[in-house]
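Each of the next two complexes has subunit A plus one more chain, namely subunit B in the first and subunit C in the second.
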Partner chain A sequence: MNIFQELLESPQNELVEQAVSDGRIPIGYSCSFVPEAFLMTDKLFPVRLHAPGIAGTEIADIYLSNFICTYARSLLEFAIDDRFDLIQGWVFVPSCNHMQRLIDNLEYLQKPAFSHVLDVPRKVTEATIAWQAEELRMLAARLSDHFGVDMSDAALNKAIAEWNTFAEVIQSIGDLRKRAVPLITGTEFHKLIMASLASPKNLILPKVLDFRKEIEQRAAVGDFRARLMVVGSHLHDPDFIRVIESQGGLVVADLFCTGSIPGFTPIEIETKKNGDPIKTLAEHTFKKTLCPRMMEDFDRRLKTIIDTVKEYQVDGVVIEIIKFCDLWGVDSMPLVDALRKEGIPVLKLEREYSLGGEGQLRTRVQAFIESMGK
Partner chain B sequence: MTRKYFGGCDVGSTTGKAVILDENGTIVSTSIVPSEIDPEITSVKALEQACGQIADLGSYKNLARIVGTGYGRNEVAFANENVSEISCHAMGTFFCNPDIKTIVDIGGQDVKTIAIADDGSVLEFAMNDKCAAGTGRFLEAMSRIFRMDLDQFSLLSLNAKKIIPVTAQCSVFAESEVISLLAKKNPPEDVAAGIKTAVSKRCFSLLKRIGMRPLVTVTGGCAKNQGLIKSLSKKINMDVTALPVDPQIIGALGAAVFARRNGQRSA
Partner chain C sequence: MKDAFANARHFGERLPGLAKDFFHYSLIGYFFETKSINDAFIYTKYWAFIWGNIFKLVIRMLFKKGPIAVIRLFIQYPWILWFLNATKLLRRLTKGRKGAYLESTALVIHAIAVLLVEKLEEVIYQPERLLINEDLVPPEIAMAMGLNVWLVEGMGILLPFLNSEACLGFIDEAENAGMNPDSCSFVKSAVGMVIKNQQPRGCAMVSSNMPCDAGMASYTYIEKQFDVPTYRVDVPYHFHNERAEKLFVEDLKGMIAFLEKHTPGRMDWEKLREICEKRNRMMELELELWDMMRVSPAPLASEAIWLSHLFLFHWFPGNKVSIRHYERLVELAKKNLDAKIPAVENEKYRAVLWNPPFPQFPDIFNRMERAHGITLIMDSMSYNHHNLIDTSTPETMLTGLSKIIMDGPMVRHTRGPAENYLDDIFRCYKQFDLDMVWIANHVGCKGGQAMNGILREKCREMKIPLLILDYDLLDPRIVSHEGMMKQVDDFMETVMKPRQASPAAQ
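Now for the complex of A and B:
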């Protein structure tokens, strides 16, 4: 497990360095609407942008208002500090106004050689899937022109197959959390997921397979008072999950931008056979991304949480929101009510991007578990 | 010692509180001590002081069961278990008056509102722990500006003829604002009323988040601030129900109730 922890200590870990020295091209991205498989084509590899251990955003605060979420501010701070100096291209989605301001400022301050904004629609229809596919085609053309990489259908199909192999392994580990006696803690799982998102897949895969072997031999992961699901926006720091689990609430399921449900669902082969990998990726991205930026999609988000609660035998749901996140801030209000109507206990937590106020977090979680009679 | 005693210890940021219950659930002693840097030392001092009042008990080590609560609860190594202060305030209040359904707990460094279920468990809670405004520390700082102790400051706003609003949200800036208001020769009691109104508004917004059901009470050290209670009653348009025991010990009392209940279950 320590290997995944170590891979999370820097935004550009040793596997990224290794891949770069092998001539590969890291592309930074920050939103789940950028299909990872797309950025695994030819010499490219995706790196989920995160800002581990950030202590403050003094410089970013000059450019971004205090009402911009701390995730956007943290990324800008790290960019200004050259903590992303290996990243050769940036692909963004203006998923919210905060992210848009980050893109504007990053392009203004850093003037990256390659930066691209995917204009993702806010509704899922045949027309918007076609739009998204067109957006990906434009990105493919720019990547091909700029980096000289092969973005042909054959290369994309190969990348999809590689991503599927990886996703199936992650999913098989995630399935172990459904057991009455889970073999992996939420903290361990989150370290695994985050390290996977921040590393070249081919280089981290052997380590993930070793880890799967190790945990399959376990009997259990200790005594816990309750089984919890965590729902919300970008959650990068596994310590947040660790604090929740320190109070006796085993996190057995998650649904957030950097989570596994439904983030690591393999791309359906049947759809892939239609001969258009870009359209397949466009469809898949809409299907596996449950984000409150999407209009008329609340019921699907709610149903996924309720289904997960049943499937993973969850006792209570923790909704975590980064302060000033408009999307989750608004969505969480009806979400809390709807879940409670279903008889599911809910704890809503507002937090900053980096973990702080551990004692207060512990108190809230402990009281929540106690209120469930656990 | 023939009788069994159960202890609850609330290790707060400003004070440590202990309550001892006998087998019948009667409060036999209580204590309040200033907090030390080490929460374990605070808990020992509070428990020793409470246990010292019971002739046939002696040391806290003879307690049948101890439950720790408060911010320092994890550091009370000798406690049999720890329970969050939110659950303990709910249980302590329920023990005193089962008709109370809503609590405002104004502690040294945070403010909580708690909705209580019919069995004394927690239905819902909200906390303000990111900012000192509205906490005991805030009122302490304000009383220093008026060159008063907390008891005097508690009564000051009762004589106010009008409320002079204190608009600064941050307690540091509120301090500057209050100094300026007093320097302009505004009546101290009117400025004090403004301070208490500001705190009441913060409590009110937290109450709205959990849904306010009567009866409402206030726990924690600030519940003794009469001016604040008057201001809060006005803000929520409802009487604040007084508790039959010192409101500062409610968390420790809840912990002692849990200790007795769980101790008798496991016996």
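Now for the complex of A and C:
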């Protein structure tokens, strides 16, 4: 497990450095609407942007103000500090107002050599899927021009197959959490996911497979009082999950940007129809992402949570929201109501990007678990 | 009993102040203050017109629906009672203004009163044709379909004009229901009204992804509460291209099909043509007005420009009252221009206000005119640059409307690259020969806040005086009126005064 922890200590870990020295091209991205498989084509590899151990965002505050979510501010602070110096291209999605303004400020302050905004629609119709596919085509053309990489259908199909292999492994580990006696803690699983998102997949895959073997030998992960599901926005720091679990609430399911539900659902490749990989990726992006930025997706999001609660035998749901996030802040209002109507206990937590106020978090979680009679 | 006694005593103590206020804001109070018979006549005329409209609403309802229905209406929508403050608003906004400028301000309040009475009557008499609309989805299409449009956010903007604390109860209600307190008070206010069941419910609802995350996300909750079919239009991020236009036109067609399915409305392209042509007429008049506003000193200013656009273009485009209003504004501006009479006698500085104005403190411009000679020439909500709608075919009309929506205020400034936001400010600054830029730094507008760093540096480079005025759109508890005034006073003292003393520094 320590290997994943070590990979999370820097925004550009040793595997990223190794891949770069092998002549590969890291592309930074910050939103799940950027299909990872797309950025795994040819020499490219995706790096989920994170800001581990950020101590403060003094410079970013000057530009983004104190009212922007700390994730956006942390990324800008790290970018200003050249902590992403290996990243050769940036692919953003205007997923929310905060991300939009991060893009603006980053481009103003850093003037990156390659930066692209993928204009992902906020509702899913045939027209918007076609639009999204076109967006990906435009990105492919730019990547090909700028980096000289092969973005052909064959190359994309190969990348999709690689990503699927990886996603299946992650899913198989995630499935272990459905057991009555899970073999992996939420903290361990989150470290694994975050390390996977921040590393070249081919280099981390052997380590993930070793880890799977290791946990399959286990009998159990210890005594826990309740099984919890965590729902919300960007959650990068596994310590947040660790604090929840320290109070006896085993996190068995996750539905957030950097979680596995439904983020690591394999891509359905249309082999029979000799399908268009870009269109497949466009459709997949909408299916595997459950974000309140999508205007007509509330019921699907709610249903996924309710189904997950049943499938993973969850006792309670923790909704975590980064302070100032309007999407989750507003959306959680009907979400909390709807979950409570279903008889699911809910704890809504407001937090910062990096872990802080650990004592308060412990108290809230402890009280929540007790309120469930566990 | 003890509390009742204390309350009575407290009320008694407040009585002299209340009486003084009542007198100050009354017609007689105005007569005591004004020195011109002509101004007194103008003021009295509009004062009477506004009250006349309020009485017209009540009397017509008494006759058509009976007294019980009137009482029920006031119980269901108690905020209507704030309309009794309309002439108080007239008094606040016209203070110190004279002649044509006084009339232009009074004219805006009167136009809003007339149109709101019209709107309320639609709510009361034709609830089956009521469409609930998000404020940035223009109403032309629904109007052409024979539907009456009610903006969910409409009262959130209007009520604080009448009383700066009018929306606090709604804001608190939304926060108590679990909405994040740091979200925009404009959105909280609309949601609070829905929770308190003080919004009319239509037969369907149309919302959008505009202008911000909170506004967009709130419609999930509103939809659940209203339980009405809802359509959402989606403006692309990169909208300045033909591809985006095509996508959005298809979206509008989807909206029309949705409305035909879920409401009694049917698309009447001839009616849409008529509305679009009238809207074009309004725009031509507004452009004529803008041309005159480029002259220094300006013939009109402030509410005549921004409040007119805010209400008439967003809620009542193509309405005959709106057209007449703009015609009259043009006449008044010409009158002042020909006679070389400045709107603000002591015009020293010409300003643009960026981001939505101050509904809970609209008289700030009036006060700043009198205190510092600052004349508000333009604002971001009014400042548009799109073409007239081509009314030759249904397709061209939809394309024209889609461009207006995508290029609308708070839409083009909240999506696309930073240039969409910044370049407009500098273009406006140049076009109207301005002296300063005011940013209405609404605490809940995170997208706007995150542009201030770049803007500050750009303004410094271009030597443009920039005031970033912190406030909350609807909640005076965040920054008090005194606090807002102090920010302006400090800016004038520390930035503008030294500039004036040393022109070389400019």
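Convention: the second predicted complex is superposed on the first by the 369 of 374 C-alpha atoms of A that agree within 3 Å, B and C clash if a C-alpha of one lies under 4 Å from a C-alpha of the other, contacts with A are read in each partner's own complex, and residues count from 1 in each chain.
In this text, a contact is a pair of C-beta atoms (placed from the backbone, for glycine too) under 8 Å apart; a residue touches a chain by one contact, two chains touch by 3 or more.
Just so it is clear, the model here is predicted, and its values are computed rather than measured.
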item	value
Contacts of A:326 with subunit B and subunit C, given as first, second, both or neither	second
Subunit B versus subunit C as contact partner of A:117, first or second or both or neither	second
Subunit B versus subunit C as contact partner of A:373, first or second or both or neither	first
Which superposed partner A:334 touches (first subunit B, second subunit C, both, neither)	second
Which of subunit B and subunit C A:94 touches, first, second, both or neither	second
Which of subunit B and subunit C A:364 touches, first, second, both or neither	first
Dominant contact partner of subunit A by residue count, subunit C or subunit B	C
Complex contact set, residues of subunit A against subunit C	62-65, 67-68, 94, 96-98, 100-105, 107-108, 117, 119, 121-123, 125, 127-128, 131, 134, 292-293, 295-296, 298, 321, 323-327, 329-334, 336-338, 348, 350
Residue ranges of subunit B touching subunit A (in the complex, touch as defined)	71, 74, 83-87, 110, 121-125, 127, 129-130
Touch list for subunit A against partner subunit B, complex	357, 359-360, 362-364, 366-367, 370-371, 373
List of subunit C residues in touch with subunit A within their complex	177-180, 182-184, 187, 191, 207, 209, 212-214, 216-221, 224, 232, 234, 236-238, 243, 247, 250-251, 254, 414-415, 417-418, 443, 446-447, 449-454
